[in-house]
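Chain lettering (A, B, C and D) follows the sequence in which the chains are written, and residue indices restart at 1 in each chain.
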Amino acid sequence: MTTAAFDSTRTRDWMRRFTASVYATEAELTELDQRVGDGDFGTNLAAGVRAAGLLLDRPEAPAGSAEALGAVATAFLDEIGGTSGPLFGLLFQALSRAADGSDAGLTTGALAEGTAQGLAAIRRVGGAEPGDKTLVDALAPAAAALRAARDAPPAAALAAAADGAWQGVRDTASLTARRGRASYLGERVTGIPDPGAVGVALLFSAAAGTVRTLAPHLPGG
Amino acid sequence: MTTAAFDSTRTRDWMRRFTASVYATEAELTELDQRVGDGDFGTNLAAGVRAAGLLLDRPEAPAGSAEALGAVATAFLDEIGGTSGPLFGLLFQALSRAADGSDAGLTTGALAEGTAQGLAAIRRVGGAEPGDKTLVDALAPAAAALRAARDAPPAAALAAAADGAWQGVRDTASLTARRGRASYLGERVTGIPDPGAVGVALLFSAAAGTVRTLAPHLPGG
Amino acid sequence: MTRYFENGTGELVPDALAGFARAHADLVEYDPADGYVTARNTAPARTVGLLSGGGSGHEPLHAGYVGAGMLDAACPGRVFASPHNRQIFRASRAVAGPNGVLHIVKNYTGDRINFGIAAERLADAGIACGRVLVDDDLASDSEDIAAGRRGTGATVLVEKVLGGAADTGMGLDGLVGLGTAVAGRCRTLAVASAAHHAPVTGEPAFALPPGELEYGVGIHGERADRTRSQKQVGVLVEDMADALLGALRPGPDDPVVALVNGLGSVTSLELYGVFGELGRVLDARRVRLARHLVGNYVTALDMRGFSLTLMVADRAVLDFYDAPARTPAWQG
Amino acid sequence: MTRYFENGTGELVPDALAGFARAHADLVEYDPADGYVTARNTAPARTVGLLSGGGSGHEPLHAGYVGAGMLDAACPGRVFASPHNRQIFRASRAVAGPNGVLHIVKNYTGDRINFGIAAERLADAGIACGRVLVDDDLASDSEDIAAGRRGTGATVLVEKVLGGAADTGMGLDGLVGLGTAVAGRCRTLAVASAAHHAPVTGEPAFALPPGELEYGVGIHGERADRTRSQKQVGVLVEDMADALLGALRPGPDDPVVALVNGLGSVTSLELYGVFGELGRVLDARRVRLARHLVGNYVTALDMRGFSLTLMVADRAVLDFYDAPARTPAWQG
């Protein structure tokens, strides 16, 4: 079913909308990280999509979906520090590899495989478990949704992943943190969702469209 | 007319009420100096009356008016810095000398003479002229009032001096400053009276009673 | 424009590093493409390059300690964001000695991850790489914090001691062992009476009512897990010092090194006042105060607060600490 | 309790000086009764004692510059209030050399008066006393200000140069002449994006709307005569540098010394950014930047701002400036 795969154009559109979502919500992301962390998550993620854009939009831009995702991975891994920079980089790297390894390109199966591999890598490197109030809490339900949607076309599967991720975001609000900077604040962060998890949800949402504000997706929103 | 002289008890009461006035208005004085200067005038003047109190209230406390005023002068000259500390010290020193030099003690004549000498010393040392928006603008009319009230008893003469000083205070509000820290602020200080001038007015007012708040005496008050 | 003096790019760091490199051109060199700072001079006996790094906003840490006797390189990240692995990888390659390179890393997830990736790449390139993790922050010493204690003020002490040791020609394993032991004998506690201002917005990073203290604040301006009412500084310092001593339990003959560190906008008047109080407490507890530092060493932008660090040393550690160094922020 | 860390006495200074003296016991001594700080070491060739002082709140000025090669004594007053004459008199008597004592005085009415009274008492006691007045502040250079230009950042440069000169054995008249000439070739301009906090109240000393700058602010937090809107730091520094150069008009071969000075809570990132911009402007104007300092040298409590000082030197002045010194805040 090659029609069911994201071709390079759709992959790049997805990345462009992710970029637009990040820019649109940068201040809100920063504000969230201000409340539970150190206030740099919006800046870090924006720097990542900016660096990725520079790679994607070059004249000798990458041709296929795997190459496009690989360029994004390189940007995050090589240019962006913080906690989230390399972790997002690992996710894009796994997605790129999965697209590359799938004969049909970026199919739902490849998306599911890449997300699962990305989640595993992030958990290996960062050591977080579900429930630690990190981006893992959005990525794990997204991976599960993609696996469950194996037979749907990529757009529908990604929409289900986005729903799962946003639900994960809302669930982080009730958690106290064991990992990341929010863990230092104890009970004080209860009620506030994890910014990194929001970043993951923005990524999956961007397959369908640009997110301009976070409020509708957050608890009480 | 020895009855017309302030004896040591009345002189010390005058100084005690001055002390009480300074403590009561310390925050207002600081606030004024905050607006036209560097915000330390209240602290400086309060430190002065505190140091003076320590000298006045010792067991072997000074006996006569001249000695009491001399102790106050020593406290200000030896313990208090800033611009106002030594200038107030010079005024007290001149008042003490005048009391000492007058056969009848601290008469109205001695008060007039001491204030005039204090004003002259302050102008010599600080270089300010009337109209420069300094304490000179309160002291000069006080000195003039004392000279004019030569035949009145000290209490009445000091009351006239206080009126003159407060008028001088109000006049400083409309001036821009040429001396002191307020001079750096140009037109910005117009409308605000000079804190040092207020300090002088507090001194003369204290002969009749303690001043608990500045508002009634200031422009618009 | 916020209250920060900058060029409206929102990026304080590259402009600062360029100015820093010009100001200290006799001591350091800055690679603007790869974003790291290296020392112009290093002791001939040194066989292992010393490298540290982390988020910016903690100046003079780390670039201020690059120079003879301390670090061979520093990798400053964006404000409060750890450097990326390429930066660390390239800087490490540039300063590795015949016995490799040592990473001095503050214990934050981001720093661990990025230094970790760089270490993998270095291994791949055949460059020996060791790590000393600094985790001195007492406030994050809790079972509920899986990431472990944060690294804060002790970093500068560890960098100084390791610098002295590296200048004797000590090898990589020796330095890792020494640094780990030294870091383990350091504890820090920080308090703030007002937040730093976020460079992006110019607003205070958190609101703290007057008279309240953030007790156990982080150097990124992470709030503490609680706020407590402000006490006289003498009482406050006594509480803090006793907490540190309780965790470290120095013996009566152990030399102790104290760092009274300003977090940004606390005045020097206050820091020396704090040092006076600390001295009194240590005297009363019969702790041997062997060395001390008072000043801004590891800051949190313009946070109004200070941290106290105690390090329990021994003769050998003190000798390394006393060894000569010449860097932009450490002379002597 | 305000946001200041203190003991509730409202007096930051005596506690700070006690802690300062303990922290730097190898370099300085503090007389708590008379409230002055003296150097433990002085060059044998020095025949004139150097003394400075003024209101506190400007740390490390002045006590931080007491030590070999710079000041023999400092008299710190209360916060923002000049010291009293007795303090100055006694400290002068303590450090006067065979050729007397030199007072380095910032041009403020209070300082002039108190140092003036002390000088009369010294004359009375048969101790030769000279004065160098520092009046470098360009913002108060106006016909309408009878008191003349204020003394600010240049004070530390004048103290350093005079320290170097005094160590050659130069006599009192020589030092007065040199110091007066050097001070006359210095100009400073200061800006702030937020006020300091008054220690008594803990509140900002003045309100400044976001995006506004106090252009020509004083180190006591006296506001400038005007507020202007904040520009990119590059533009701001260019304006400031051009104003200073316009007043000083250095020749193309004159060595110029620059001081980029933090007023309290501006970050080191920003100060180095400012230095980078200043370097660019001076290069473009073909000014010979011979020496420079970047850091907190003359502060105004926790004011958020910085000052730029330029000093036009010559070979002899540079040599004195370069002479060795060892004080709590100046090493090298």
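Here, a residue touches a chain if its C-beta (ideal position, glycine included) is under 8 Å from a C-beta of that chain, and two chains touch if they have at least 3 such contacts.
Computed from a predicted model, the values in this text were never measured in an experiment.
**Q** Round to the nearest whole Å and give the separation of the Cα centres of chain B and chain D.
**A** 32
**Q** Taking the mean of the C-alpha atoms as each chain's centre, how many Å separate chain A from chain B?
**A** 72
**Q** Measuring from the mean C-alpha position of chain B to the mean C-alpha position of chain C, what distance in angstrom results?
**A** 54
**Q** Multi-chain contacts only, two chains or more: what residues does chain D have there?
**A** Chain D, residues with two or more chain partners: 79.
**Q** Which label fits the chain touch graph of this model best, line, ring, star, complete or other?
**A** The chain contacts form an open line.
**Q** Chain pairs that touch, all of them, please.
**A** Here the touching pairs of chains are A-C, B-D, C-D.
**Q** Which residues, counting only chain D, touch chain C once they are in their complex?
**A** Where chain D meets chain C, its residues are 1-8, 12-13, 15-20, 22-23, 56-57, 59-60, 64, 79, 193-194, 202, 210-211, 230-234, 236, 264-277, 279, 292, 294, 296, 299, 301-302, 304, 306, 331-332.
**Q** What residues on chain B touch chain D, complex-wise?
**A** Listed in rising order, the residues are 30, 34-35, 37-40, 42-44, 47, 77-87, 125-128, 132, 176, 178-181, 183-188.
**Q** Under the definition above, what is the set of chain C residues touching chain A in their complex?
**A** Residues of chain C touching chain A: 10, 55, 77-87, 108-110, 113-114, 116-117, 139-140, 144-147, 150, 198, 200-201, 205-206, 218, 220-226.
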